[in-house]
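Here come two complexes built around chain A, the first alongside chain B, the second alongside chain C.
So, the complex of A and B:
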C-alpha cells in the first residue's frame, strides 16, 4: 500500500477519532473505551433510538462520516457485517487515516458468506489505499493519547513495549497484566483476521517507532511467511522482538482456524524462523511478560556466569538447579572474592562458594550493610556476569505486611545496586501462604524498575533468553 | 550432461524424481561433495567402473519407477571383486524385473563404498508459507524416533549453519563422543551453505535429501542423494 507507514503514523497517534455504530446494547463499549482520548472524539450513528444515549456521553454524533466537519485520523467501526462494506467505502471517501473493524463474522466463520464479505471489504480498502485493521479485532491502544481497546486499560504514562496481537483478549490483558507488573505499552494493535494489514506492516511501523524499545507479538499465523521472516529479521536488528505463538499443538491449530482463520505452520519450522530472524520465543502471556522484564529491567549482558544469592540452604540448592537447567552457569568465585567473603560471612548455617546461602549473614534483612557488601563482591567478581537474588517472600511476608517500610529500605538498597552495577540483576519473590503480600511486594519491586519473578525457573528462563539476544546482537554464538 | 540438461531431460521424460546418478551429478557441479555414482548399462561397464572407483563398491538399480530400491532387492553393498560385481549386477536386474515387470530399467549405478563416518542427514522441504526450508539432523534412529532435527529457511548464513548444528540435541556426537573423532564441522557448514545456494538457484527443486552424509574428521560427503522436481504446471 503506498505511503502505508506515514498513514499508520497518522492513525497510531491520532488527533481525531470516530466511533462508528456504537450501541447501548453493547454498553457503549467503544465510546467508553475512547472516553480517555485526549483528542477530538466523534460518533457516527444513524439510528435515532441510539443517538440520545450517545449524546448523554457528551460525544457529538453525526449521521455519517462525511458530515463530520473534521478530518478523521482513526476510526473504529462496529456495524453489522453486511453494512461493513459500505462503511469501509465511507472511510475511504473521507480519507480516514486507518480504520479498525471490530465487527466479526468474516473468514473466521469458515462459511462462504463471511469469506466473501471479508474479501469485499479487503478489495475496497486496498483499492482506496485505506489501511484496514482487522476485521474481528479490537484496534489500537495508545495509553499516552488515551486511545483504548477496553475501558479497563490504564492511560497516561506510555511504556516502551509495542504489541502486535492476533487476539483482542491477549491485547487487552497484556495492557492490564503488563501494567500491573511495570511493563507498559507504547502502541498496541489487535490485528484480528489481518485481511489488509498483516503482522509485517505493523512490525515495520513499531521497528521505526521511537517510542517503542521492545516489540512483543502474539501470532496465530501469517499469510506471507517470507515477508514475515524478512520483516522480523529487520525489526530484530533494531530492537528485541519477542514472539508468542498460539496454536502450537494440532488441536490448538484447529482452534486457530475458527478464531482468526490463519494457516497453521509446523511448530519446528515456526521456531526456527523466529530464531533465524534473531527474535525471541515466548510460550505464554506470563512468559512473554517475564522475558520483557529481563529485556527492559536488566542491563544488557552477554555472559552466562551467574552469581546466586538465597536466604537458606534449600533455596540455594534449587536456585542453582534452575539457572543451570536454563543453560546458564554457576561458576566458582575468584580467590579475591573468597578472601573478602571469609572475613565476614557467617558459615554457621550458611555457605558462600556460589550460591551464597546468606540468610544468617544478612540477618534476614536485619543487616543490610552485609547484603550491600555481598552484592558489591559479586559485582566486582569477574567470574560473575549476572546476579540473581531470592527475596524470601515466604519468610518475609509477615514482616513486610506489618512493616511496609522494611521492604522499602530493602528495595532502596537493591535499586542502588542496580544503578551502580552493569550486570543484569534479577529478583525472585515466590508466591506462598500470603500470596497477596508476595504479589504486592513483587509489584513494588517492579515499580522500582527491578526485574521481579515468581519463581527461580521463570527468572532463569527469561534471563537466559535476554542474554541470548544480547549475545547475538554482539555477534557472539 | 550439463546441469540444465539433467533437469530438462527428466522433464521431457515426464519424471519429477531424479535418479541418484543425476542428483549427485547436479550436486557435485554445485561443489557439494558426493560419493560419485555412475550408470552402468551392462555388467562389463559395471566391472570397469568398479575398477576405476576402487573396491569395495555398491550397486543400485536405476529405474524411474523404483524409488524404494532396497525393498525390491535392488541394492548390493560391499562388493569386493569383479566376480561379485558381475553376479550382483545380474541379481539386481533380475530382482527388479521380478518385483516390477513393467518398470523400465536404465541400468545399475556403481559407486565406491564410503568409509563409515558419523551419519548426518541434510534435507529440504517446501513449507506452504515459508518456502524452501533446510533441515539438519543426525542419521538413523536419532532423526527417525527422536525427531532431533533443526530447520532454517533458505537462504542461510554461515552463522545459521553453525547454529543449526548446535541446535540439535545430538550435537555432542559431532564434537567427538567417548573418544570418537569429531566431525569436520567446517565441512558440514560448507555443505549446508552450498546446498542453500543450490536450492536458491533451482526453484524447480521441491524436495531434496542427502541421507546419509558421512562426516569425517577432515571432510564430509553425501553418500546418497534424492532430488524431486516440481510437477510441471500445465
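So, the complex of A and C:
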C-alpha cells in the first residue's frame, strides 16, 4: 500500500477518532473505551433508538461518516458483518487514516459467507489505499492519547513496549497485566484476521517508532513468511523483538483457524525463523512479560555465571536447580570472595559456596546491613556475571507487614546496588501463602526499576533469553 | 531400629511434648509453635534468665528432662550443637518417643567438627534405640493435634496428605501454601540431615497411616538407594506417592551438600527409580501441590482426550497448546456432539470444534445456562476423556466483583457437573491483572472440591501426571 507508514503514523497518533455502530446492547463498549481519548471523539449511528443514549455520553453523533465536519484519523467500526463492506467504503470515501473492524464472523467461521465478505472488504480497502486493521480485532491502544481497546486499560503514562497481537484478549490483557507489573505500552495493535495489514506492516511501524524501545508480538500465523522474516530481521536490528507464537501444536493450529483463520506454520520452522532473524521467543503471556522485564530492567550482560542468594537452605537448592535448568551456570566463587565471606558469614544454618544460604546472616537474627556486603562481594567476583536474589520468604513478608519501613530501606539498598553494579540483577518474590503481601512487594520492587519475578524458574528462564540476546548483539554466539 | 514403627506411631500422635532449650532471643520459636498443642506441653531450660519468660507463656519449665513428672512422647530440641550429644543421651535415658533436633551446624557445614558431632549423636541414638529426627530440621507437624513446625501453620482440620521433607522451609511452606489451596496435611515431617531416620522409615510409617491418603516427598538425597526404592514401591502400591527431588543439577548437588549434607544422585537414575517404583515426579513446590490437587480432587480416568472450554479465541489457542504440550490430546468431537452444538452455539466470535471458544455463547451477551449444556455434551462425547475449563477471565472476575451471587450459582453448576460426571474435571483461574479476585475465586472453587489451577500450563502438567498414574494403576502403560 503506497505511503502506508505515513498513514499509520497519522492513525496511530490520532487527533480525531470516530466510533461507528456502537450501541446500548453492547454496553457502549467502544464509546466507553474511547472516553479517555484526548482528541476529538465522534460517533456514527443511524438508528434513532440508539442516538439519545450516545448523546447522553456527551459524544456528538452523526448519521453518517461523511457528515462529520472534521477529518477522521482513526475509526473503529462495530456493525453487523453484512453492513461492513458499505462502511469500509464510507471510510475510504472520507479519507479516514485507518479503520479497525471489530466486527467478526468472517474467514474465522470457516464458512463461505464469512470468507467472501472478508475478501470483499479487503478488496475495497486495498483499492482505496485504506489501511484496514482486522477484521475480528480490538484495534489500537495508545495510552498516552487515551485510545483504548477496553475501558479497563490504564491511560496517561506511556511505556516503552510496542505490541502486535493477533488476539484481542491477549492485547487487552497485556495492557492490564503488564501495567500491573511495570511493563507499559507505547502503541499496541490487535490485528485480528489481518486481511489487509499483516504483522510486517505493524512491525515496520514499531521498529521506526521513537516511543517504542522493545517490541512484543503474539502471532498465530503469517501469510507471507519471507516478508515476515525480512521485517522481523530489520526490526530486531533496531530493538529487541520478543515473539510469542500461539497454535504451536496440531490441535492448537485448529484453534487458530477458528480464531483468526491463520494458517499453521510448523513449530520448528517458526522457531528457526525467529531465531535466525535475531528475535527472542516466548511461550505464554507471563513468559512474554517476564522476558520484557529482563530486557528493560536489567543492565545488559553476556556472561552466564550466576551468583545466587536465597533465604534458607531449601530455597538455595531450588534457586540453583532453576538457574542451571534454564541453561545458566552457578560457579564456585574466587578465593578472594571466600576469604571475605568467611570473616562474617554465619555457616550454622547457612552456607556461602554459591548459592549463598544467607537467612542466618542477614535475616533470622542476623544483621540486615550484611546484605550490602554480600551484594558487593558478588559484584566484585569475576566468576559472577549476573546476580539473582530471593527476597520474599514468609519471614520477609511478615516483617514488611509488621514494619513497612523495613521494605523501604531494603529497596533503597537494592536500588543502590543496581545503580552501582554493571551486572544483570534479578529479584524473586514468590507468592507463597502470603500472596497479597508478596505481590504488593513485587510491584514496589518493580517501581524502583528492578526486575522482580514471581518464581525462581520464571526469573531464570527470562534472564537466560535476555543474556542470549545480549550475547548475539555482541556477536558472541 | 527395633520396634521403630510403633515408636513413630507413639511420637507422631503425641500426648506429651517437651521443648528443650527454647529462649527469648529466638522469639520462643518452639514454644510458640507448640502453643496450639492439644496435649501436655513441657519446657526444659536450665538458664535462670530464661525461665521467667517461659513461665509467662504458661508452660511449666523443668531444669532437666529427667525431672518432668510425665512420659514424653515427642521432644524438640534447640540447644547449641556442642550440648546436643548430652541432650540426646538425656532423651534416651528418659525413654522419649522420638526427638527432633532443630540444632544445625553438623555435617552440612562441610567441616570436621560438625561431621564428628553428627556421628556422635547418631551413635548415641542408635545404641539407645531412640528415633532421632534430623538434626538440622523442623520436626513434626500434626495439625489435628496442634503440633507445629512454625507458629504460622494452621491447626484443627487434618487433611489427607502425608509429607516427608528434607527441607524445613519447604515443610513449613507446604503446610501454609497447601492449606491456602485446600491441600491439607495429615502428618508432615521435616527430616533434615537424616542421620538416624531416613526417608524409607518415614515412608513406611505414612504408607500404613490410615489418616494419610496420598504421600508427598521433598528429597535431596538418600543414603541407601535400594532400601529407598523398596520402600517407595511398597508405599506406591498402597497410595499415590509424589516425589519432588531438589539438587537435580550439578550445582544444585553442591547446594544440597551445604544444606543437608545429602549425597547427589544423578537425575536420570533418580527419575528412573521413582518411575519404576510406581511413584509420580514433581519439579517444584507449586508443581507438587498441583499434582496433589489433580489426584485428590479429580475423578480418576485413564484416557488422554481432552474437551477444552475457553472464554475467548485467544485463550482457546493457549489452552489447546498447553494441554497438547503436556502430552494430552484434543480430538475432534463426535458428529452427534457437533449436531447438538450447532443448534445453539454462537459462532460469530466463537467456535466449537474443540476447543470451545464459548465467551459469546455463555458470557458476553450469551446465556450462562448454556454452560450446563456444553458440559453435558462434552461429558456424553465418547472422544472426550477429561474436561478442562477456563473460569477466570477479566470479564468473569469483574462480574463476580459486581455480583458475588453469580459466582455461587456458577459453583453450584460446576459442582453438580463434577458429581454427575465420571470424567476428570479441572478448572483454570489465571490471575491476570485482577490477582486478588482470581485467587479468592480459586480458593472458593477449591472449597467445592474442584481442582482449580492458576494457569493452563499448570493444570495440564498436573492432570497429565495424574492420568499417567491412573493408567499405570490399571496396568495400561
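Basically, the second predicted complex is superposed on the first by the 473 of 477 C-alpha atoms of A that agree within 3 Å, B and C clash if a C-alpha of one lies under 4 Å from a C-alpha of the other, contacts with A are read in each partner's own complex, and residues count from 1 in each chain.
We adopt the following convention: contacts are C-beta pairs under 8 Å (C-beta built on N, C-alpha and C of every residue); 3 or more make two chains touch, one makes a residue touch a chain.
Note that the coordinates shown come from a computational prediction; the quantities given were computed from them, not determined experimentally.
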item	value
First, second, both or neither for A:179, with chain B first and chain C second	second
Partner chain(s) touched by A:82 [first = chain B, second = chain C, both, neither]	neither
Per-residue touch tally on chain A - higher for chain B or for chain C	C
Touching partner for A:152 - first (chain B), second (chain C), both, neither	second
Chain B versus chain C as contact partner of A:409, first or second or both or neither	neither
Partner chain in contact with A:109 - chain B first, chain C second, else both or neither	second
Touching residues on chain C, where the partner in the complex is chain A	25-26, 81, 104-105, 108-111, 136, 152, 165-170, 172-173, 176-177, 179-180, 218, 220, 246-252, 254-256, 258-260, 284-286, 311-318, 320-321, 323-325, 329-331, 347-349, 351, 353-355, 357, 365, 393-394, 398, 432-433, 435-436, 439, 455, 457
List of chain B residues in touch with chain A within their complex	127-131, 133, 147, 149-153, 156, 159-160, 163, 167
Residues of chain A that touch chain B when the two form their complex	221-226, 228-229, 263, 265-266, 268-269, 272-273, 275-276, 477
